[in-house]
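As structure tokens, here come the structures.
In the two complexes that follow, subunit A is the common piece, with subunit B as its partner first and subunit C second.
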Partner chain A sequence: MATQHSKSAARFMISPAVLLLLGWMLIPLSLTLYFSFLRYNLLMPGTEEWAGFLNYRFFLTDPAFFDAIWNTLLLVGGVLVITIVGGVLLALLLDQPFWGQGIVRILVIAPFFVMPTVSALVWKNMFMNPVNGLFAFLAKAVGLEPFDFLAHAPLSSIILIVAWGWLPFATLILLTALQSLDSEQLEAAEMDGASWLSRFFYIMLPHLSRAITVVILIQTIFLLSVFAEILVTTNGGPGTATTNLTFLVYAQSLLQFDVGAGSAGGVVAIILANIVAIFLMRMIGKNLDA
Partner chain B sequence: MGRIILEQVTKSFGDVNVIPPLDLEIEDGEFVVFVGPSGCGKSTLLRLIAGLEDVSSGQISIDGRAATELPPAKRGLAMVFQSYALYPHMSVRKNISFPLKMAGLDQAEQNKRVEAAAKVLNLTDYLDRRPGQLSGGQRQRVAIGRAIVREPAAFLFDEPLSNLDAALRVNMRLEISELHNSLETTMIYVTHDQVEAMTMADKIVVLRAGHIEQVGTPLDLYRNPRNLFVAGFIGSPKMNFIEGAEAAKHNAATIGIRPEHLSISKSEGQWKGTVGVSEHLGSDTFLHVHAKDLTSEPITVRSDGEVDIHHGDTVFLSPQDDKIHRFDKEGLRIS
Partner chain C sequence: MARAVTPARKATVTVFAWGVGLLIFFPILWTILTSFKTEAEAIASPPSFVGFDWTLENYSTVMERSNYFLHFLNSVVISVGSTLIGLLVAIPAAWSMAFVPGKRTKDVLMWMLSTKMLPPVGVLIPIYLIFRDTGLLDTRTGLVIVLTLINLPIIVWMLYTYFKEIPVDILEAARMDGASLRAEIIYVLTPMAVPGIASTLLLNIILAWNEAFWTLNLTAANAAPLTAFIASYSSPEGLFYAKLSAASTMAIAPILIMGWFSQKQLVRGLTFGAVK
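Entry: the complex of A and B
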């Protein structure tokens, strides 16, 4: 099929898609870049002027910026740890033969289909609310003071909410990986005198490592841009306690009407995300080669 | 030491009874081959001995110790799996030393034993490779290496050669036999290939549907098969069976005659037929002779390699009288 003719026909056929994607990506990207070098405030329309790197200096020296980076890292890291540890444990559990396995497996994936805004609202109002929430009810039932999650542990609460949404994804990928493990390997290890824990650490975990890297990569890409859960629950607060980079960009451009600084923040976020992506790609490349 | 005794061992998976009550004694140092058609329960029996499956009832003892309740690791047996079951993310060295590491041996001792095993198995140059970078035969040897470093009471092999090509299979067959000669450890070897059974075994156990049909030395089974099944299973090409009037002449329901015990002639003999397919192996020729009066199946005859007989020729066959096996209506040998 790879004749000169079919190649050029193929190029011609995919060109609309390529052009669309290019426009889709390039136009917003160049506009963002352009705005980031402007003094551009929505409260003073028509006064846009060239600002050089002023927006970047402003954004990068803002104490909120360092908080946001730190919060982003905590959020991504926390969710990854919870989903991978929890996902491996759940996958081990679901891999056991038990009655109703099929239905339970479908139920486990359910949280993944709940919209982030909805799940955050449910968590906020039905579980974590210090007056009406289920957790408050349980605490009162055993005679404890209800804990106001979103006020006293806001970032941890958001990590919990986001992790809940991503746990099924990790579980599902890890479960399929676990099922592809040759049972003779486990039996061989058993005959070699390996206890269950040794089998887990020497056989199952190495077998899962590839799936785990895939989960880390995919989740990181999405977790860097967590937004809805923050907007719905804490609005980035108290103070900057739950402001991640995405939310900071939003706050700059739309709460403080400073599109220039917001765009500069966006560009910084893109650069940071790419640095993370390069690291991840290297890690995955190593893991996928083996 | 590796004397293994099975008493009234049975195994069912749910309602399906795979192994009916079965008794078997395996002497120390013996090379025992379980042979039988696919699905007859060979692997299941081996896994019962290994402890990878629990017996439904009955007793297993290893070296006089009750082993029925022991977990696999405590039975002192090593197993080589059909798929080799090597650990793909570990180097050959780590694979072979894994059982030693699990046993808590110190690093120096581990290295010593791994090097020794690698030397025996010609793996010294490959110790730092991963299993994925080895050929089938080398992987097989790594699996054997992992078994021998533990110095087990007995080795269990489950169709270890079935993933290898024909030439390599013959080689590995010899290597495993040599290994048995030098280690003098009990080996239990499962195969569906009667050639492997005949060439390697001290003792063959022929299984059918979980039943032991016959136990004996290879020549024992070849000379005195206890029933039609064993007679047809052991020996290659298969024994020819003839029923009806010809069998009645020998006071039997069925008579059997091996291809190598028939002589063929163009001029005279007891049975008349026409030559169908002939297979020339160089050293031998296998001729398939159609003798419609005797049996609907073609009769296989082994003749020497240079024989001048062709498709369509009319020929006469003569069995060696003392090599005719007689079986009664139930298929049991009449001696």
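Entry: the complex of A and C
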């Protein structure tokens, strides 16, 4: 069926998408790479000169860089742990028969559709504010001192906010995977006297492992780039307590106007993301063959 | 479920599941409730749940003071515009890859996906400078371009997984029955492709609506969509919880509704077909 004619037609149909993405990748990437070797400050236009690896040395030896790497890892790791553990538990719960399943499902999924700036500001002001927040009220109601979340536990607070938004994603995917589990297998195990725990660890969890891997990889790609939640809550502070790699590059280039160092940071971010991406691509590629 | 479930067990699970569901949903519910309070009631201690004087005043204040409608319109234009252009480019591409697969098809698909893995911050500076020099900063056109490009891989992939499920045999059957290519496309293929295209459209409008890296970095007053407009509430002056809530409720309501419709497609769209 695939004649020479239809093949060239296919190539013609595919080319706009390929060309657009090629341009989108190559032009900015090569510019970032180029800038990263320049002494280039937006406040001093016209003074650009070759700087060799100076920007990399500057960026990679900046103490803020290590803070940012550490914060990035904590942020990604913290959100992953909360969403995976919470997601598995929620998926197990929602998989049980109960009244109003459809509605509860909708309630659980809803946070995923809340834009990051809204969720961050709602949490920051209406829940975590030490004077007027709901948490402060609850603390006072049981006789505790209100806790200033974003001042004393800034990164944990942001992890909580981001995890709230991603929990539905993990839940939904794990629930979908759980529902494809053959219930006869579980019944057989139950009849053979397997306890709930051993059914969970030997049947359900192995069945879910693939979905869990997918959740981890996809979320990591997005979580490496968390930005809005930090911008509107702490602006990276106090100090560098909540500055992740994305935010550091943003601050370096668009707040301090140091395009050279910012670009070097961008290149580092690309390399980090690629390490994760390789694993994700392998998983998805395998699925394509099947 | 072949197993019988006792009513007592079902009741327990029901209570527990509703409790957890409401707890997770609570921040949204609280935002919606607060949007109908006065500023004084919004920070009252103890807080009241429904026993306050319901008012629409915040909604009218937000709309009057902050040019809310412009930002709302920006969100609509940017998310719908970028999705439609994306579909226009992606439908032929996904179509040909699904129906006339070549040796390279898999590589092309994987390569397209890899562009999605590019962290936005890695290309922020060049895009920012190019936009500055071409006058695209703070314009809807500029944002439509960027959002089209960042979501194009997802659109192609979603469409591809849907198109792939259309049985090719049915086309041959139609041809044997004497259908012309045009008739084949109009009467056979299109009806089968429309549901997939519709869910791709829905999911991508949602993603574009909530995108908050490029929209925050590339806009100021004119082209700012709701994500950036809400961010301006991060430095408050005076009492503002109720107004923040009203602005937030209006910003998330359309997408919550669309999201509920698209929840079944969500998994497949966001996992690139790895989980169905």
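Following the convention adopted for this analysis, the second predicted complex is superposed on the first by the 278 of 290 C-alpha atoms of A that agree within 3 Å, B and C clash if a C-alpha of one lies under 4 Å from a C-alpha of the other, contacts with A are read in each partner's own complex, and residues count from 1 in each chain.
The definition used in the following text is that a contact is a pair of C-beta atoms (placed from the backbone, for glycine too) under 8 Å apart; a residue touches a chain by one contact, two chains touch by 3 or more.
If you're wondering where the values come from, they're calculated on a predicted model, not measured in any experiment.
*Asks:* Could you tell me whether subunit B and subunit C fit or clash when both sit on subunit A in the superposition?
*Replies:* fit
*Asks:* Using the touch definition from the top, say if A:115 reaches subunit B (first), subunit C (second), both or neither.
*Replies:* second
*Asks:* For A:202, select first, second, both or neither according to whether it touches subunit B, subunit C, the two together, or no partner.
*Replies:* In the superposition, A:202 touches subunit B alone.
*Asks:* Given the overlay on chain A, how many degrees, to the nearest 10, lie between subunit B and subunit C at the CA centre of subunit A?
*Replies:* 80
*Asks:* Who does A:256 touch here: subunit B (first), subunit C (second), both, or neither?
*Replies:* neither
*Asks:* Could you figure out whether subunit B or subunit C reaches more residues of subunit A?
*Replies:* C
*Asks:* I'd like to know which partner A:185 touches here: subunit B for first, subunit C for second, both or neither.
*Replies:* A:185: touches subunit B, not subunit C.
*Asks:* In the superposed arrangement, does A:97 touch subunit B (first), subunit C (second), both or neither?
*Replies:* second
*Asks:* How far apart, in whole Å, are the nearest Cα atoms of subunit B and subunit C in the superposition?
*Replies:* Value for subunit B versus subunit C, nearest C-alpha atoms: 6 Å.
*Asks:* In the superposed view, which residues of subunit A touch subunit B and also subunit C?
*Replies:* Of subunit A, residues 184, 187 contact subunit B in one complex and subunit C in the other.
*Asks:* Note which residues of subunit C are touching subunit A in the complex, please.
*Replies:* Counting only subunit C, the residues touching subunit A are 1-3, 5, 10, 13-14, 16-18, 20-22, 24-25, 27-28, 30-31, 34, 43, 45-47, 89-90, 92-93, 95-97, 99-100, 102, 106, 108-110, 112-130, 148-149, 152-153, 156, 168, 172, 206, 209-210, 212-213, 216-217, 226-228, 230-231, 233-234, 236, 241, 244-245, 248, 251-252, 255-256, 258-260, 263, 266-267, 270-276.
*Asks:* For the complex, which residues does subunit B have touching subunit A?
*Replies:* Interface residues on subunit B, with respect to subunit A: 50-52, 71-73, 77-79, 81-83, 85-90, 98-99, 102-103, 130, 146, 150.
*Asks:* In the complex, go through subunit A and note every residue touching subunit B.
*Replies:* Interface residues on the subunit A side: 182, 184-185, 187-195, 198, 202-203, 206-207, 209, 290.
*Asks:* Can you list the residues on subunit A that touch subunit C in the complex?
*Replies:* 1-2, 6-7, 9-11, 13-14, 16-18, 20-21, 24-25, 27-29, 31-32, 35, 90, 93-94, 96-101, 103-119, 121-127, 132, 134, 137, 140-141, 164, 167-169, 172-173, 176-177, 183-184, 187, 210-211, 214, 218, 221, 224-225, 227-228, 231-233, 245-246, 249-250, 253-254, 259, 262-263, 265-267, 269-270, 272-274, 276-277, 280-281, 283-285, 287-289
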